[in-house]
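See the structures that follow.
Both complexes shown next keep chain A, but they swap its partner, so chain B is in the first and chain C is in the second.
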Partner chain A sequence: MIPFDFDYYAPETTGEAFNCYAKLSKAGKRPVWYAGGTELISMARVGSRTFGAVVDLKGVPDCTRLAAERGRIVLGAALTLTEIARSGLFPLLGSTAARIADHTIQGKITLGGNLAGTIQYRESALPLLLCGARAHVMTAGGVEKRPFSQVFSGRLHLEEGEFLAAVDVPEREAALPHCHAKRTRQDKIDYPLVTLCAVRDGGSVRCAVSGYGSAPLLVPAQALAGGAAVCGELAGEAADSLSGSGAYKRFVLENMVGQALANLGVK
Partner chain B sequence: MNTQLGVSVKRKEARDKVTGAAKYTADLSQTPLLHVRILASTQAHALLLGVDAAAASAMPGVRAVVTGTDAGQLLCGGILRDMPPLARDRVRYFGEPVALVVAEEAQQAMAAAAAIQVRYSPLSPVTTIEEALVPDPVLVHENLGSYQRMEADIYPRPGTNLFHAVKVRKGDMERGWALSDETVEGTFHLPQSDHAAMETRAVRCSISPGGVIDITTASQSPFEVRELISRYFDVPQGMVAVHVPLVGGAFGGKAAVQLEVLAVLASRAVDGACVSLVNSREQDMATSPCHMGMRAELKLGARRTGEITAARMVFHLNAGAYADISPKLAKAVAVDCSGPYRFPNIDCDSFGVYTNAPYATSYRGFGHAELFFCLERMMDKLADALGMDPFELRAVNALKEGDLTATQVKATRSNMGDLVCCLDRLKSLINWSEGARIQEPGGLIRAKGMACLCKTSDTPTDASAAATVSFLPDGTVALNCAAVEIGPGIRTAMAQILAETLRMDVGRVYVNMEVDTQTAPYYWKTVASMTTYMMGRAVRAAALDARRQLLALGAVAMRCPEEDLEVENERVYLKADPLMFAAFRDLATGYKYGNGNAVGGPVIGRGSYVMDHLTLLDKDTGKGKAGRSWTLGAQAVEVEYDPAQHTYRLLKAATVLDAGKVLNPKTARGVVMGGMSMGLGLATREEFVQAPGGVEGATSFRTYKMLRIGEEPEYLVDFVETPQVDAPFGARGIAEHGVIGMPAALANAVAKAAGVDIEELPVTPELIWRKKGRP
Partner chain C sequence: MRSCTGKCFLELEVNGRTVSVAAKPSDTLLHVLREKLGLTGAKPGCENGDCGACTVLVDGMPVKSCLMLAAEAVGHAVTTVEGLKDAPIQTAFVEQWGFQCGYCTSGFLMVCHALALHHPDADDALIETWLQSNLCRCTGYAEIRAAVKSILADGPRRA
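So, the complex of A and B:
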């Protein structure tokens, strides 16, 4: 149960949403962007987050687009993880999404929510970081397409009042040979100890991990080239968490990188 | 008439439960109803400098704010009265109730609770057993010596964090060590964890203008609720009415009396209006009592041939901030410290220890899953050291008829059962002969581990039960008893015992699912796997009493001596000519002659049972009888281990219990499987994790992990039937036992697979990696 009252807005266009949020903000209503609600509801019921209004993006068509057009795959930020996994358009993102939380919750969590939320793992960022994604950011001047890596480092960095409407990735990169692996403390359904995504593009491999550090991060190319020494390169990033100690994560990551390289046919 | 036992009778409440129609405490509608919210401590250990409720009291809908001072000097506790219902002067665990808000709507109560200002002055928290035991420790209770003891055999040590100590001394330790060729040692650590019943704890309470305190609660102990509320609030027991509808899982966690006291305080603050207090999942984990932790040091000595000659054991139970039932847990661990084995020489100490953690209460197995984790790991270590097969080592040491248990009770086939038979059955069930560690193609390792278990009841020496049997005018039968239906189908089992005794169809026996202390005869509480035995005996006695009355009335009706009559199929009939009979419906409310005259009157059978021959334990040696019998068995787990990653998968879990007599095969299998699943949860993942400062880190299912469908192994369950001669139809209690050996069996399997020693739970891949020496 949420112990406080708040207003609910359901805009139907990106512009309407942007203006709605701005107006609420100005009126001191402390609005929040809303999509799946899994995190906001959980936080509100335990008293760790309050807000005066929610602006629900699920009714904004731009936020629920799911299409392949002009060589790029466009994924609306309000698509659920289930919808993304079922679409099959971006297999690496689909595999990643299908291992976030559990089956029921995947039908609620949205791509944008997973990227913008406070839970640090944000695993759906990994495929986007690896595959040349662009972020469609709604700003005062309309939707701007920016390189994903420019708006996401560890977490989504947008100006107050802006929101992520969609992402796109080149079809070619979405179809690259790839692998996804998730290791947890013990359970199939849990926050990641380490989640790893990797793609092979010609002779080179790109790899990103979540859970290992305090935020999703790209594994530097020179670290990958080092093979087993990867953990040396990233040692400083390993963070203790309820899932496991930093030292153990180093061991796990080393195994996972070795396995990923083997799966992608790289020595 | 076919027997009503040994057949899978559908539980009486099945249809209501599977259709969702069954009502639990929080489902009952009552208007008007006020809502209570607990404000819980954010500190594990702190002085409570002030609770300012001014702002909260002025918020919309708020009817009252209750704080520790409103409870006067009241201290609660069934054994040691050490717990203020709401924190006063200091808080002793993260999650401890500090204040209550009573409001018209639940969300108003929540919002107002958040507006209460609490000023703390943090104290250094005692977060581990080791910290609790240092010389000159931080004291969780500075006034331990002043607390009222409700029972004679409790021994707190003021100036320390020890609130109880139990000693077991048997035989001659020096001689025992001298006779040993091999010794093994171990130091074990087990975390606290949660019961995680599907239904969180919930209570309703009102106080009538006449002063009757009316409580509806999800409890295993309705009569103890009545007794304690009467004592705490100084009202006669007759002025306390306790109702318990169906309970959605309890596992020992609903034996403790906590929310009921808070609900009375809340109702009292609003002139007796009906209040509802329902735990959120987070509060059920952090605020209500949990499953104890433990630290233990064990040393075993044995001859080359496997016979154990000496056992030294020290158990420290992490009971958290308040003693609750933990003195009895310490006793239970001591009583069964040698398991189902013949240890001639024993030196065992079992202590209840305070820490600044959530306080513990009973949990399925009552200390035995923890005890047997330690003991059965030790047995495997000893088997390794001696080069013996683990099954063989256990069989060699199995208690034989006439041997003495740790507290010097003589073992018989009836009170103990047949361990060797269980071991043999388990061996084939788990296919032990193919080997305990098998290298699979692809580099994986399949390994098996096993463990024995046993448990006696550890009830009060005078625990008792009663039941009545009455007849409906249509000749069917109604059973009235206060065994709470917490999930295992116990009220159906009672109906079976009644039906079997009257030789009638169990489908014609009615047993309502709610317990009401105003109308049900007394029952101690629904715990300790004792309902089949205690309530079963009372029900059987009540049925026999009713049968006697039916025979007497039948003799009148049929004008013959009683001994010529028999009872079956709802008839009292002439043995010589079964077609000459009086039906139950003709006798149930009295027998009427043809001319209208009547004799007899409604038949009511009554039955009572009180535990007999039990004694307190001797303070210095532990000698004494803590239970009438044991249920023993053996369990095994098979895992598939990945030596590269140190991960493993559960393949199979097997249990063979000596059930005495299986009353209802499918519910028996279900209750044992449920226990096994819980045991595997403890073994593999469940734990409370305290962050620095004693703040609980896992108080929701986001981070407190439980076994899910898909992670469950294949369950294999079998029973041996060595009757307990004094039990109803020979049936032993089996409700808890599935949990007990699982952690040890799992740890033994992983230890075998990975080649490491395991002395702590849960067994995570990280633990194995650490034990492997962090390669």
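So, the complex of A and C:
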């Protein structure tokens, strides 16, 4: 049971959502953006997060778009992980989404929620970082399309009152040969020890990881160029956590990179 | 724009009936089902989305009702274990000894029922994926898996 009261708003357009949030904010209601709500409800229940209003984006059509348009795959931020995985439009993101939390929760967690959440892993960012994604950010001036890497650096960086409406990726990049792997400490359903996503584009491979450091990060090209043994390039990023020590994560990552390169047919 | 401020009346469709219930926006679906509608089949366990004891169906798909606001359920069809009405999976749980203390059972029933509806031809990997959303701490999963497989074998006609 949530030990405090708040108000609930369900806008139907991006403009209505933006104005609703701004109005509530001005009135001192301390609003939060809401979609799946899994993290907000969990945190509210134990009192680690309080707010005066939620603005639910699930009813905003721009936030639930799922389409291939003009050479790009468009994915609304309020789509659930299940909807993304089931669509098959962006297979690497689908594979990644299908290993976040458990099957039932995947039907509630949204893409935007996973990216904007406080839990550090944000695994759905990995395919977006690798595949030239753009973020559709709702601002006072309307929807702006920005490079995803510009709004996501370890976590989502938006101005107060802005929200992520959707992302898009080029169809060509969404269809690149890819590899996803997730290692957990013990159970299959768990936060990652290390999650790795990689794509092969011609002769080059791009790779990004979560769980290894304190936030999702791209593996530098030079760390891949020399093969798995040079993951020492990332040694400083390895963070000790309850899942495993930094040293163990380095060992795991080296093996995962080697496996990914082999799976992608790169020597 | 729909809104719910302070205490308001929510029109919910639960087990095929439309009910009007006085609730706060901060009330979870689990709380409203149990405390306002007397549908105590959905169980509060971890209330953190981990155990699955509170699982209900929303538009035919399993949802952990501890992680859904009642206000979000407006316009959607909610089914609790009370709404199953002797579904094949319930008989299968009895026949296959799929429960012991029973606390997790209603959640498992909802997941298994939805699996059978949506994937009557589910293979072992898919069954495992769906069942991993719920925890049982006394029976074990072999009997539950056997119960699911027993109704899948009969196909969608029974589900």
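The rule is short, and it goes like this: the second predicted complex is superposed on the first by the 266 of 267 C-alpha atoms of A that agree within 3 Å, B and C clash if a C-alpha of one lies under 4 Å from a C-alpha of the other, contacts with A are read in each partner's own complex, and residues count from 1 in each chain.
Everything that follows uses one rule, which is that contacts are C-beta pairs under 8 Å (C-beta built on N, C-alpha and C of every residue); 3 or more make two chains touch, one makes a residue touch a chain.
Since the structure is predicted, the reported quantities are computational estimates derived from the model, not experimental observations.
Q: Once the structures are superposed on A, label A:Lys108 by its partner contacts, choosing first (chain B), second (chain C), both or neither.
A: Second partner only, chain C.
Q: Applying the touch criterion given at the start, work out whether A:Lys188 contacts chain B, chain C, both or neither, answering first, second, both or neither.
A: both
Q: Could you look at A:Ala10 and tell me whether it touches chain B, chain C, both or neither (first, second, both, neither)?
A: Once the two structures are laid over each other on A, A:Ala10 reaches chain C alone.
Q: Using the touch criterion from the header, give the chain among chain B and chain C with more contacted residues in chain A.
A: Partner with more touched residues of chain A: C.
Q: Pick one for A:Asn255: touches chain B only (first), chain C only (second), both, or neither.
A: The first partner, chain B, only.
Q: In the overlay, answer first, second, both or neither for which of chain B and chain C A:Ser245 touches.
A: first
Q: So, does A:Glu69 touch the first partner chain B, the second partner chain C, both, or neither?
A: Neither partner.
Q: Applying the document's definition of touch, where does A:Gly47 land relative to chain B and chain C: first, second, both, or neither?
A: Only chain B is touched by A:Gly47; chain C is not.
Q: Do any residues of chain A touch both chain B and chain C, and if so, which are they?
A: Residues 1-2, 4, 42, 45, 188-189 of chain A touch both chain B and chain C.
Q: Spell out the residues on chain A that touch chain B in their complex, using ranges where they run on.
A: 1-4, 42, 45-47, 183, 185-191, 242, 244-245, 247-248, 251-252, 255
Q: Along chain B, where are the residues that touch chain A in the complex?
A: The contact residues of chain B facing chain A are 106-108, 110-111, 114, 280, 282, 644-645, 647, 684-685, 689, 697-698, 700, 702-703, 705, 708, 710-711, 762, 764-766, 769-770, 774-775.
Q: Any idea which chain A residues touch chain C in the complex?
A: 1-2, 4-12, 16, 20, 37-38, 41-42, 44-45, 54, 56, 58-59, 82, 101-105, 107-108, 188-189
Q: Which part of chain C faces chain A closely enough to touch in the complex?
A: Chain C residues touching chain A: 1-6, 24-28, 31, 47-49, 52, 55, 61-64, 66-69, 71-72, 111, 129-130, 132-134.
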